[in-house]
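There are two complexes below, and they share chain A, which is joined by chain B in the first and by chain C in the second.
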Partner chain A sequence: MASSMASLLLQILVDALLLGGVYTLMAVGLSLSFGVTRIINFAHGDVVMYGSYAAFFAFSGLNIDPLLSLPAVAILGAVGGYLLFKFSIDRILEDVSINQVLLTFGLGLILQNVAVILWTGDERSTTPFYAFQSWFLSDDVVVANGRLIAFGLAAAFMALLLAWLRWSELGRATRAVSQNRAAASLMGINVRAIYGLSFALSSAFGAATGAIMSFLLPITPFMGFPILVKAFAIIILGGLDSILGTVIGAFFLAIAETAIAYLVPQGIGWAEGVAFFLLVLMLIVRPAGILGTVGRDA
Partner chain B sequence: MTSARTWIVIAAALLAALLVPHVLPPGLSDWATRLSTLVLVAVSWNMMANAGLISLGHSGFWGLGAYTAALLANAVHMPFWFSVVPAMLLGAAFGVFLAYITGRLRGLFFAISTLAMSEALRVVALMVPKLTGGAEGLFVFDQIRPGRVTMTSFALCLAVATVAISYFLSKSRYQYALRAMRDSESAVQMLGVNPARFRIGVTALSGAIASCAGVISAWYTGYLDPGAAFDLKITISSQIAPLFGGLYTVAGPVIGSIAILTLSELTRLQFGYTAGVGLLVYGFILVFGVLFMPTGIVGLSHRWIGLFTRGRKLAVTRP
Partner chain C sequence: MNFARSSYLLAACMLAAVAFPALGQAQDTIRIGAPLALSGKFVSYGAAAKRGVEMAVDIYGGKVGNKKIEILFRDTQSDAQAAVNSFTQLLAEEKVNYLIGPIATPMAMAGLPAWRRTKALWVVPGATTPLLEEEAGKEPMLFHTFPYAYHYHISLARILRERLGTGKTLAIIYSDDSYGREHLPYAQKYFTQEGFKIVAEELVRAGATDLNPVLAKIRRVHPDILLGLVQTTDGIQLTKQIYVQRLNVPYLIGTAYPQLKQWQDATAEAQEGWVGVTTYIPGLKATADPKYPKLFPNSDAWIAEFTKRYNRVPEFIDVGAYVSTCMLLIAIENAGVLDDKEKVAAELKKLDVQTMIGRGKFVASIGGTLNQAFSDVVVHQRVKGTDAILFPKEFQTTDKIEPATYAK
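Right, the complex of A and B next:
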């Protein structure tokens, strides 16, 4: 009995850890664009969805493994994100927040329903061989290879992003704009260009997440919204403008969801609601999040 | 402040709401009922927006109202006209709860927490099947469901009452405080107005009105499930109608409701029931509305009227 309890806890830990990686990737794009422009992109979940479809069509049409098509998908995502920024978001940067919310919400609706019309609501998924493989860590603790690969990629991407932000010229400029746009502008940084860049990067992360999700979750035009809400919960938990906070928030949510799914009766259904409850709870207790600096008035 | 003329207009509108459904053909009667529910949520959404509160959780109020009506109808056979009372009380209570726990959260944070709360309600409704019937849904006790004509009259009366309330609110002195809250709550506070009280008042009123819409839909369709009662589409249409018609105005949400309902009928005629087309149109309205006509139809018409009546300035509030 004791050993089965121990392996249950170990299984929860393993699942939560692997899920946390994907969640980090899911939320980091949203956090990046918000940190720089202070605009929440309600269309982010739909960018992830398009990434999944791109990976799916590369897989089913051209027989390219999602991991190989991932770089191309991310580049397409970056281009798409930049165009969205240039033709819509760029024009409402100084508007009141209600306009920003309604505009990006509308963009999300357009993206989602174009997908519904083009590809219907049917569920699809990519089926590379590793999506079905798993191995035993101990007697009854299972590790799914697909999730392990997703976790590894997430960790690698996060390391790249952090290194870029820290050591590259553009990365430093991005951090400067995020901290103080007026001062950054006085230092000769082209703030608008950095905004565009951050949206492009954010969408690249979104699309890459989608490519990875393509072998973890069923792909439908409606997958974006739950992803968006989870990403909200994660960045609010961790702190809206902190990349490290996003990582913490992602693992926090992953642990809470996995624990509830395993330990509570009918837990899988309740786990769907965990993100909402945590989000509201955090907004009440500490709106700035665990590591964030953005106050309540943003 | 309120002239006799206003009361005459309201009385005439109520009378029309009671009489007109008797002569409407079924198709139009159905349209009028749906229009009324849309007007209710649109006016209610606009009230919150007017005070600077962006709600993405109106489906939460709707669902609460719908479940209150349906459950009370099944448990104690509460008639449709009376079920509005407990539903409004619950909607108002949820509004107060929302205002209370979001405290001083502004803009984005308020919007996201309302979204999270209405989604949380959906999950709860899904997970307590003993009460709500869960994913399989719930039928409203059929023998006490009113007929089509009664239902349309009822819905239209509620819509007229709601528009009247929003008119009186816009003429009252509270309007100034609310509008000022939209720009800056701290400035309002310095002028000696307590924004917290206004905030609670607005969310309570807005919540009560939006849950009325849920009551109508529960009685009208006779069936509900968590997916339909807490549908995000409700939130979407409640924000598109005021934006399209004219944010922060009295006429805007009503004109916007008529416009988007007509538009969705037209797209249905054109494209049939092709999934996604209706929402795609809504998405375009949101994006183009924000980018090119932020003052909505009301703002545009003021500008056109302004071309002909030089000298007389008409005030247009730019969001």
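Right, the complex of A and C next:
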């Protein structure tokens, strides 16, 4: 009995950690672009979706493994993100927030409908060998290789991003713009260029996440919205302008959802409710999120 | 004065033409409304139904008698409000007497109130969950041409009992959307009736990222059979995660998704051993109808014709929509090519044809639909990348159900 409970707790821990990795990937790009520009990119989920399709077509058409196509997909995402910024978002930077929300929301709808026209609503998936493999920690504690890879990549992405923000000149400029736009501008930093860079990086992370999701989730033109919703909940939990807060929010949510799904009867049906209950609670108790600085006045 | 009178006459004619645009067309066309999901999440259903309807009209010759067939496609956008608009536009503005579609139950249910106002002759080649039957099954102008959920479970439970014997244990996973919740009571009823013991019933959220908590619970009760009552996207996720977990359940049963190419492509080796139900599957060797061999040829000839036109293999909705449209057109012709829905309904009830998906004859369903055709389902299993047919007997290619690959 004790051994059965121990293995259940171990499985909960394993699943929560691996799910936290997936959630981190979903949210980090959104957090980066908001942290710098203070614009919530409602098209972010659709950027993930396009990354998934790019990886899918590289896999099915050119037989390239999603992990190998990932760098190219990320570069394409960066270019797409920059163009999206330059030709649309850049023009409404000084507008009221509602215009920015409507613009990115509209862009998301356009991207989604273009995908339906191009590729129909059929579900697709890449099928690399590791997506079907797993290993057993004990008789009934399973670790899925696909999710383990996602977890590893999430950790690597975060390390790279944090290192870039801390030690590179552009990274420091990005942090400066994030902390105080006016002061950064007075210091000679080209704020709009940093905005463009952060959008490009955010989209690169989104597209790379899509390449990873291509073997974890079914790919459809509609996959972006649930990802966006989850990412949105995570960055509110963690703090809208904090990358580290996003990681904490992702794991906090994953642990809460997984524990409830395992321990509460029919709990998996409550999991989504948990995300939004936590979100509402956080908005009431601490609007800035766990590590964020942007709250009610943002 | 004469000028003024002719001007008034001309103006009156123009006004009449604007006010009653359908009058000119009504005399030489038969108009059929087709509310289908041509965008949004049900687009694959709508696109397949559109192909089937268009091919039927084309093979029929584009005319019934001397009247041109005009199909008015309207996009329900996979959205309930847009579906209401599509139905209202077709029934109240276009005043069509015949409807075919939609496929997904939520779209049909959304259109129901608008349909009740005119009660056009309505052919529904989809809507498996019996909500439509509960609400409108007794309506004489509703013609349902697809099995209901309970038809799936009656056949599945019977075949599994025949092949595996009695006393087996069963775990059910069902989604929290209308599909899963509507299927669940029928699965409970018919599997219990056939002597299966249900040892677990687990809810999953539609679109869930992680199904492991549910699978871990099922692993602990060691069922002989797992039944997944979910739709395609969740079916892909469920199939892959069951395989990755090496869930020790020998027999894996789905509903409609194991027949779909998109499910098969997305699940790769994880699809081995899955059992599914459908109305049509490649390998069914249906013979041609003796009276209408051009419309209902043998299945090989029909598949060849479809593949030539669309450069793809037909799936069950392509065939279902084609057959349903052909039956409607035959009934219109038999009624004397009149735009009289009551007479056409009477002809449709009399129709008895041999089609690629079985006998096309409307009878009352066990759940109370007055006009139900195509209640028999095909039970098949994915074995080495192809379909082994377990039922019906006349098309059977194997009498043995294989355990899932990793359970052997």
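Heads up, the rule we're going with is that the second predicted complex is superposed on the first by the 298 of 298 C-alpha atoms of A that agree within 3 Å, B and C clash if a C-alpha of one lies under 4 Å from a C-alpha of the other, contacts with A are read in each partner's own complex, and residues count from 1 in each chain.
Definition applied: a residue touches a chain if its C-beta (ideal position, glycine included) is under 8 Å from a C-beta of that chain, and two chains touch if they have at least 3 such contacts.
Quick caveat, the model's predicted, so the values are computed rather than measured.
Superposition model on chain A: chain B and chain C are shown in a clashing arrangement. In the superposed pair of complexes, A:I40 makes contact with chain B only, with no contact to chain C. Within the superposed three-chain model, A:V116 lies in touch with chain B and with chain C [touch as defined at top]. Contacts of A:A159 after superposition: neither chain B nor chain C is touched.
Contact with chain C, but none with chain B, is seen for A:Y262 once the two complexes are overlaid on the shared chain.
When the two structures are aligned on the shared chain, A:E272 is found in touch with chain B and with chain C.
In the overlay built on the shared chain, the residue A:M187 is in contact with neither chain B nor chain C.
By the touch criterion stated above, A:Q11 is placed in contact with chain C alone, chain B being left untouched. Counting contacts as defined above, chain A residues 113, 116, 120-121, 266, 269, 272 meet chain B in one complex and chain C in the other. The touching residues of chain A, when paired with chain C in their complex, are 8, 11, 15, 19, 22, 113, 116, 120-125, 127, 131-134, 136, 140, 142, 144-146, 216-218, 220, 222, 226, 230, 257-258, 261-262, 266-269, 271-272. Partner chain B is touched in their complex by these residues of chain A: 40, 88, 91-92, 95-99, 101-103, 105-117, 120-121, 221, 225, 229, 232-233, 236, 266, 269-270, 272-273, 275-277, 279-280, 283-284, 287, 296-298. Those residues of chain C that touch chain A in the shared complex are 39-44, 47, 176, 202-205, 207-214, 216-217, 219-220, 232-233, 236-237, 240-241, 243-246, 262-263, 265-270.
Interface of chain B with chain A (complex): residues 49, 54, 56, 101-109, 111-113, 115-117, 119-120, 123-124, 126-127, 232, 236, 239, 243, 247, 274-277, 279-280, 282-287, 289-291, 294, 319.
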